[in-house]
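In the two assemblies presented below, chain A is common to both, partnered first by chain B and then by chain C.
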Partner chain A sequence: MSMIDLAFIIQRPPYKSESSTLGLTHAISYQVVDMFLDEGQGVVPKVCFIGEGVLNCLSGQKAMEHYGVTSIEAHIKNALLVDLDIFVCKEDLERFSIGEDRLVDAEDMGADKKLQVVPLSQIQSIINNCKHLFVF
Partner chain B sequence: MRLGIFISDYKGLTDTVDRLSAEKLGFIFVQNGVYHTTVKENGKSSSLLDRNANFYVLEEDLAMRGLTGADVDSRVKVVNYGDVVDLIFNDYEKLVWL
Partner chain C sequence: MGTLTIAPFSSLVGSKSMDFALKLAKAAADKGHKVNIWLTSNGVMIVKSNQKHLKDYSHAEKYVKELLDKGVEICVCEACALARGIQKSEAIEGIKWDAMHWYLAKIYNSDRVLHIGGE
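Right, the complex of A and B next:
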């Protein structure tokens, strides 16, 4: 089976714009893209949070309670539930003094996947090896 | 003049802010501006907090982003929407949204 690697890079902080949400929902939509591909083809999306984008990954977002909108946290959990690989830049977490214990976790929803905190070099490798790169 | 400045973004505002002055200056951090009150980038607080001013941050916008009052710099007062309305009508003559 021929697989196409897609990389979704999220580099903007949450909520001020739709960028983060669009990045995540586009990545999640990989589940239905198969119907547009030739038989034997598939896509493998990877989502990477870098720069100020890592601020999207904080748990405990109360967007629905205060503004009636689906939180970025909920989108990340949905992405983990459909087994997306999501990477968070270690250096940028350190830059913003965000501990890994503050990050979103979808274990309560039964997800097997977790956010993967990785060095920037690994994210650069994902960018270098993907066929299509989407930056949000 | 009593000037209230709403800070609604995290980056790219300091040049403008540096050009604003008033007898009484107040910063009200909303939307992604709340990160100025919580993030210590490379261990250093936002330079905005070094200004001689009063600082406020909107509680609802903190909570939306997974942040709480415990994350906020001690120089900043956490306020809700009602408090912001009071600031607008009672404390500042002019308001700027950045």
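Right, the complex of A and C next:
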């Protein structure tokens, strides 16, 4: 009877494939996982964007306008709204010259959580400490 | 014996990843391990029944039915399937239809989880 940590590593760029969205939607589904588990059991997903995956975190996405689908930005906002911890690799943001002011924020929707820009070493620590690792 | 959960992300035709995932599942089940399969993304394509076995293409229906007979739990992401035009009425009997939290719950009770294929 316990909680287990799951690490969702998103390393694919947005909209090139379904990967980023799948990583986020699988993580968000943790909200209702208790339907299938016993009392006291649960999973704690941690979502980490690394490499080209950090491009998913840019704000101002217009996926609905151009592709007719929910944007990855909207999925990230939903994830923040349900209190998921989302980490973005600081070194990879710097590599793409992306400032933190350009990242998705769900404050307007009332989310308490924010994207957490952290060094790669912290993401490696999350990977080392999770029970299962998923790469999208 | 352990519990293995496999999530193949590739479609059946165009890659051998699905073929590999199903054979791996069979090998594990034959050794007595508990096996779960979560079908999401293009992996949902294998749930359709009445697949015609042409020699130039991989074929999943026979393997899926064998796995179900061995007690392997197979569940398809309903949203992923419906988005691809696959209806429950045309799916192989015995496959569960549910959502992603089914998969996370299986992960909770798994010793090993494998993502296979995908882009």
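The working rule: the second predicted complex is superposed on the first by the 135 of 136 C-alpha atoms of A that agree within 3 Å, B and C clash if a C-alpha of one lies under 4 Å from a C-alpha of the other, contacts with A are read in each partner's own complex, and residues count from 1 in each chain.
Everything below uses one rule, namely that a contact is a pair of C-beta atoms (placed from the backbone, for glycine too) under 8 Å apart; a residue touches a chain by one contact, two chains touch by 3 or more.
Please read all numbers here as calculations on a predicted model, not as lab measurements.
Novice: Taking the superposition on A as described, I'd like to know which of chain B and chain C A:Q41 touches: first, second, both or neither.
Specialist: Second partner only.
Novice: Which partner does A:P14 contact after superposing on A: first (chain B), second (chain C), both, neither?
Specialist: first
Novice: Using the touch definition from the top, say if A:Q61 reaches chain B (first), chain C (second), both or neither.
Specialist: In the superposed model, A:Q61 contacts chain B only, not chain C.
Novice: Contacts for A:R95 in the overlay, against chain B (first) and chain C (second): which applies, first, second, both or neither?
Specialist: first
Novice: So, A:N78: does it touch chain B (first), chain C (second), both, or neither?
Specialist: neither
Novice: More chain A residues touched by chain B or by chain C?
Specialist: Of chain B and chain C, more residues of chain A lie in contact with C.
Novice: Give one of first, second, both or neither to describe whether A:L22 is in contact with chain B, with chain C, with both, or with none.
Specialist: In the superposed model, A:L22 contacts chain C only, not chain B.
Novice: For A:T70 in the superposed arrangement: first (chain B), second (chain C), both or neither?
Specialist: neither
Novice: Once the complexes are superposed, what residues of chain A are shared between the chain B interface and the chain C interface?
Specialist: Touching chain B and chain C on chain A: residues 16.
Novice: Chain C touches which residues of chain A in the complex?
Specialist: Touching chain C from chain A are residues 4, 6, 12, 16-19, 22, 25-26, 28-33, 35-37, 41-43, 45, 132, 134-136.
Novice: What residues of chain B sit close enough to touch chain A in their complex?
Specialist: Per the touch definition, chain B meets chain A at residues 8-11, 31-32, 35, 39-43, 60, 63-68.
Novice: Inside the complex, what are the residues of chain C that reach chain A?
Specialist: Result: residues 9, 40-41, 99-108, 110, 113, 115, 118-119 of chain C touch chain A.
Novice: What residues of chain A sit close enough to touch chain B in their complex?
Specialist: Where chain A meets chain B, its residues are 13-16, 52, 55, 58-63, 65-67, 71, 73, 95-97, 102.
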